[in-house]
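Shared between the two complexes below is chain A, which pairs with chain B and chain C, respectively.
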Partner chain A sequence: MKKTESRVLVAMAFPAFAIYAFLYLYPSLSNVYYSFQRWDGVTKPEFIGLHNFTYLATNDDLFMKVLGNNFRFSFIVVIFQTLLALLFATFLLKNTKTSIALRIVFFFPTILSSVSVGLIWNFLYDPNFGFINAMLKSVGIPGLNWLGDTRYSLYAIALTQVWFHTGQMVVIYVAGLQQIPQELYEAAEVDGASRWQQFKNITWPMALPTTAVVVAYTTIQTFRAFDLVYSMTQGGPLNSSDMLVTLIYNTAFSSYKWGYASAQSIILVFVVLLLTYLQRRTLRLNTGEK
Partner chain B sequence: MFYKVFKNSLLTLFAAAVLIPSSIVILGSFKDDLEIYTKPLALPKHWSLKNFHTLIETGNVFTPFKNSVIVAIFSVGITLLFASMASYMIARSTTVTGKFLFLLFAIGLAIPGQVNIIPIYHLFVQLHLTNSLIGLILVNIALTLPISIFILTAFFKDLSREMFEAAAIDGAGHWRIYRSLALPLCRPALAATGIFLFVICWNDLLYPLMLISELDKKTLPLTLIDFRGEYATSYSMLFTAVMVASIPMVIMYLTMQRTFVAGLTAGAVKG
Partner chain C sequence: MKAKGITTFSARRFGAVVAVAFALVATTLPSATAAGEVFGKACTTEGISTGQSTTSLICTMGANGKLTWTRVRLGSSTAKPVAALKAQPGTIEFHHWRPEDKVVLQSIIDKFEALNPGVHINQVIMNSVDYTNLAYAKISVNKKAALFVTSRGGQFDQFMAGGMMKDISSNRYVSQNVIASALTPATVSGRVYGVPYQSLFNNPLYNSEMFAKYGWTVPKNWTELLGFCKAVKAKGIIPFAWPAATRGNAGQIMNSFLMNSAPDLATLTARIAAIDTGKADLTSDWFVDIAKKYKAMNDGGCFPDNVTGYNDTVAPADFASGKAAIYPTGTFGMSTVTKLNPSMAGKMKMMSMITVDTKPLYQGITNNTFILSVNAKSTSRDQSIANAFLSFLATAPIAQEYAVGTSQHVSIINVDYAANIDLLNTSDIMGKKLLLAPRFLFVNVGTVRNPLEDALIAIGGGADITKTLTDTSKTIKQSLGA
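Then we have the complex of A and B:
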């Protein structure tokens, strides 16, 4: 066998490599370069060293607020979506007709676009005509201005996000849980273990690798959030539902602070990498791998 | 007993949470605004196609629909072709080049594509690729290559090495083996990945919002956003537009349900 790569083989990888290098790697590197500049996108960029980053860290209350928003949003969605999905997956584990039908229904929102989902929920949340307030009023609870109130907007979008993607996570969990040997449950049944004990001592530990996948995916998804936020509130009112990507978008295309927006997106990369790393480490501790 | 009640009520609640909004949208597209506000869940008094007529006559719904179809089909087709070729190379490589390439593409999984909006925009202005469907297709390809290569490489590596070696001994070159052996064998993986990519490209808002401003180049999500401004609270028109934008996905989902679920979950697990 030759140790040099066959030319045909190299040629086969070339188109993917060329597009990826030019439109992914090169822009990622330029982003790092831009983050050290003061630049409005039109005039010549001016090198200002780490100034963008020090300003972000010390002087920018809005950025800190949005960072906090995004962490809160991520935390809420990860917790609720993962627990709900695990619960539903244990309910719908067996391949009976009802279970399969319900899995299809639960999965359905996943195929819609964020913009469609945003528009639908804009109606449900509408303070005057909305379905949710009408339901609440019919049982005597006064309605809320879900998306128009700085206190609720973030949570309202988080609820929509959970509605949007829980079904997808249910399917992933079902695939994971179906790998657990049935004998474990039968043995536990014989020993008289309650459902809760079975869940706690069999399902939960055996499902940990799947949970790790679900949590990692959801975390990244929530830090990428743009489409849904943009179509529901555009980050408002008063930035109460602003996320990192919506902020970066506005910094670049409304305020024309391109260097500054690049610095913000570098922070986003670090946040995502750090969270991914921490989750991987936690997973390894839990499954006992090295 | 308690478990059964708990289980059934939770399942019913979530099923209702999915089915009720969907019904409101479907029924609403046949109603006028007043009827939506007063009786969102009732059957329409008259099954009127007026909203659809208005949408076709006044709104530019046909052009964005066509644009979305073009962008999605070309993005998915080219990505699948290039990604499968690169994955074949990575899976069959006997030197470090394959490993190196794989690592390089793995970087793209770690860096969310959303952070590159500024450099991409700047680059596309220089290349005159704003307001261009080709520009959108290129962005989609670049953004979805890493995940596609990740999924497909795993699949190619599962195929038996002996089979490839036997084909090579029979005199088949790499290109021939890729085309006549590897590709047909990974058709299920290609279909699943293709659907996953199609959903991403069909639904994306961020890059079209940034790159497209001319009316005749807009895609469906972008047009929906415009409609929201135009028909501020005319939910009957908005629901009709949502219906039109979602119909291809719904039909694909109902007819290819297994592939759909496989694709969207493979994307999540591998990503």
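Then we have the complex of A and C:
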């Protein structure tokens, strides 16, 4: 490549890089910088080395509790959302009019604003006149204080999250499953394989690369489920539904501990990176991918 | 940990608040008649008032149990209010948190712009939660935000510490148009840095028609309050539609619990400061007593079932539809109720929530907030526009338009509430001994006040007192140390 051509290419990439640097690189590096500072967002930051990180690890029970909440939330949502999406996608694989219509129905919640979803589910979960408790009571089951009880609030939000995003994953699964050669199913049928055997021996192994994408994407979604949590419980009661993102937000904007919030953000990034790496590794081992 | 500057500043604010012993009280000064009513003569309906001017009369019940016309002391000088200032041409932004006021404020802005050709004021509105969290970050880097609003306490302190507030003490409209006592939350070391525009009364609203129908009277002490809950619940009605699932409004009753919890204001302020700075625990006897009363209200059937899941969408709806007798928030809740059920207009009255059996120190809560300030970092031209608009808002006809249009009492002299029956009906609270909302003495909002209120909410929902307060104390101390 000639030197002038190379310069032109660099120049052409510059606008995109400038936007990336301004919107992503600079804030990320700033975050790293502030994580070593004590800063309230108003007065001059003070360098305190690793204090924010050591305090987080040794003195902050709330952070540990919230980290635990986030893991539980993530685990529940990843399992249920992935399984449901795969199940629905299996049934909606063929491009019939009914399947396409149902895919649209399943996908519909995804296009709603998360705050609207939160408000709607707040009504559904209302302990005294909500639809869910009314249904339970109609079959003789006592209703629960879904969002107001520390024992249930996290699971109630997890259920909403699953309802909210399963349709999106169905679409990803349908696209992935449609790549599986039809001949494999035809051969299996000739060999007398049942539907379950077809699923176990063809669909599931062939869908693993798509599953890897769905699981990674869902995990990341669960660690950034801010709007839903904030609009439904604001992390309450007594932090029982607090997630890392809501905790970081409150640390920065309600407690004005911006340096400490930056350190919490760094931990969040590492947690998501680690989880994604572990998931990728597990799924790669299963598919034999190198 | 806060920087030294802020700590010192907060301490000063505490000192200022100690000095506040603030109350809008009925006085026994002679003279004056208004609209036919005569000072000192008997009146028939408690709470009826002739306005909020220096000559206004209000019908209040005296110690002898008789209703008489008394005067509202405004704490103002006798100087006459002044006209609005003129503005230089230019464009500024006005940042605030009340989307529900947008139309009324735009109408006022239109009038101001008509009087001042070449001036443009653009409203920039966030909801109150976002505003609390993001306003400083946005306004501190935006010189065009020449006029902005802060809430009393932590947010005002934050803007002061950031050098964002221009001293407006020398303006005549400040000293002559605003009720002097209302300026306290915006006054630091004798200098005024904003006009707290709204006079809120954070006391429970009750359905006076329902009370009359069942023959209930407003409970005058703690024992009566618990007895009242029993009587109301027996009728299948929710006594207190307490929106425990919405922290902001759930916290309003904490003001009532705090106001008579200490022998005097100085002690109360010191106790709050001790918790706010981590020197005292929530497990102190004083705070445990408050928590026990939340529990007693829950045990006594005062709150709806599953109260910790009962939010501030359902609570006003229950109150507006007659399913609840009391909506324990404040005057700012009236417009929501009348929007839900217009026939509630004129039926709401305000009660003192007394949580002691001894003689109460205070009979109610007030708060002067929505503090309008001029941005010290804006250009002098933009500051002059903001200041002129602020002076315009501080004229009685404009303040009245705002008050009536938004169902808010205001801190401006000579405003007549006759055009809004709900404001008029709740004006009687001004005749009582009021305390400036002590909830806002907790200036560490995220680290102390929010978890503390969450703990009280949980206890009000039936959680174990000792465990909840011990756990929350630990969280607060750890957060303060971070």
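Rule of thumb we're sticking to: the second predicted complex is superposed on the first by the 279 of 290 C-alpha atoms of A that agree within 3 Å, B and C clash if a C-alpha of one lies under 4 Å from a C-alpha of the other, contacts with A are read in each partner's own complex, and residues count from 1 in each chain.
The rule is short, and it goes like this: contacts are C-beta pairs under 8 Å (C-beta built on N, C-alpha and C of every residue); 3 or more make two chains touch, one makes a residue touch a chain.
No experiment lies behind these values; they were computed from the predicted model shown.
**Student:** Could you check whether chain B and chain C clash or fit when both are placed on chain A?
**Tutor:** Verdict on chain A: clash between chain B and chain C.
**Student:** Once the shared chain is lined up, is A:62 touching chain B (first), chain C (second), both, or neither of them?
**Tutor:** Second partner only.
**Student:** Should A:9 be classified as contacting the first partner (chain B), the second (chain C), both, or neither?
**Tutor:** The first partner, chain B, only.
**Student:** Kindly classify A:250 by the partners it touches after superposition: chain B alone (first), chain C alone (second), both, or neither?
**Tutor:** The second partner, chain C, only.
**Student:** Based on the superposed arrangement, let me know which partner A:42 touches: chain B (first), chain C (second), both, or neither?
**Tutor:** second
**Student:** Is it chain B or chain C that touches the larger share of residues in chain A?
**Tutor:** Per-residue touch count on chain A favours B.
**Student:** Scan A:191 for contacts with chain B and chain C and give back first, second, both or neither.
**Tutor:** Neither: A:191 stays clear of chain B and chain C.
**Student:** Using the touch definition from the top, say if A:19 reaches chain B (first), chain C (second), both or neither.
**Tutor:** Only chain B; A:19 stays clear of chain C.
**Student:** Could you tell me if A:238 is touching chain B, chain C, both of them or neither one (first, second, both, neither)?
**Tutor:** After superposing on A, A:238 lies in contact with chain C but is clear of chain B.
**Student:** Going by the contact rule set out at the top, does A:109 touch chain B (first), chain C (second), both, or neither?
**Tutor:** Touch partner of A:109: chain B, not chain C.
**Student:** Among 183-191, 201-209, 309-317 or 327-335, which stretch of chain C shows C-alpha clashes with chain B in the combined arrangement?
**Tutor:** 309-317
**Student:** Determine where on chain A the residues touched by chain B overlap those touched by chain C, and list them.
**Tutor:** In chain A, positions 41, 122-123, 126, 129, 249, 253 sit in both the chain B and chain C interfaces.
**Student:** If we count contacts the way the header does, which residues on chain A are in touch with chain B in the complex?
**Tutor:** That would be residues 1, 3-6, 8-10, 12-13, 15-17, 19-20, 22-28, 30-31, 34, 41, 84, 87-88, 91-92, 102, 104-116, 119-124, 126, 129, 131, 134, 163, 166-169, 171-172, 175, 195, 213-214, 217, 220, 223-224, 226-227, 230-231, 245, 248-249, 252-253, 258, 261-262, 265-266, 268-269, 272-273, 276 of chain A.
**Student:** Any idea which chain C residues touch chain A in the complex?
**Tutor:** Chain C residues touching chain A: 1-3, 5-6, 132-134, 136-137, 158, 161-162, 244-245, 247, 304-311, 313-314, 444-447, 450, 454-455, 457-458, 461, 463, 468, 471-472, 474-475, 478-479, 481-482.
**Student:** Contact residues on chain B for chain A in the complex?
**Tutor:** Residues in contact with chain A: 3, 7, 10-11, 14-15, 17-22, 24-25, 36-37, 40, 82-83, 85-86, 88-90, 92-95, 97-98, 101, 104-105, 107-108, 110-123, 138-139, 141-143, 145-146, 149, 173-175, 178, 199, 202-206, 209-210, 220-221, 224-225, 228, 233, 235, 238-239, 241-242, 245-246, 249-250, 252-253, 257, 260-261, 264-265, 268-269, 271.
**Student:** In the complex formed with chain C, which residues of chain A make contact?
**Tutor:** Residues 38, 40-44, 46, 52, 55, 59-62, 122-123, 125-129, 145-150, 233-234, 236-239, 249-251, 253-257, 260 of chain A touch chain C in their complex.
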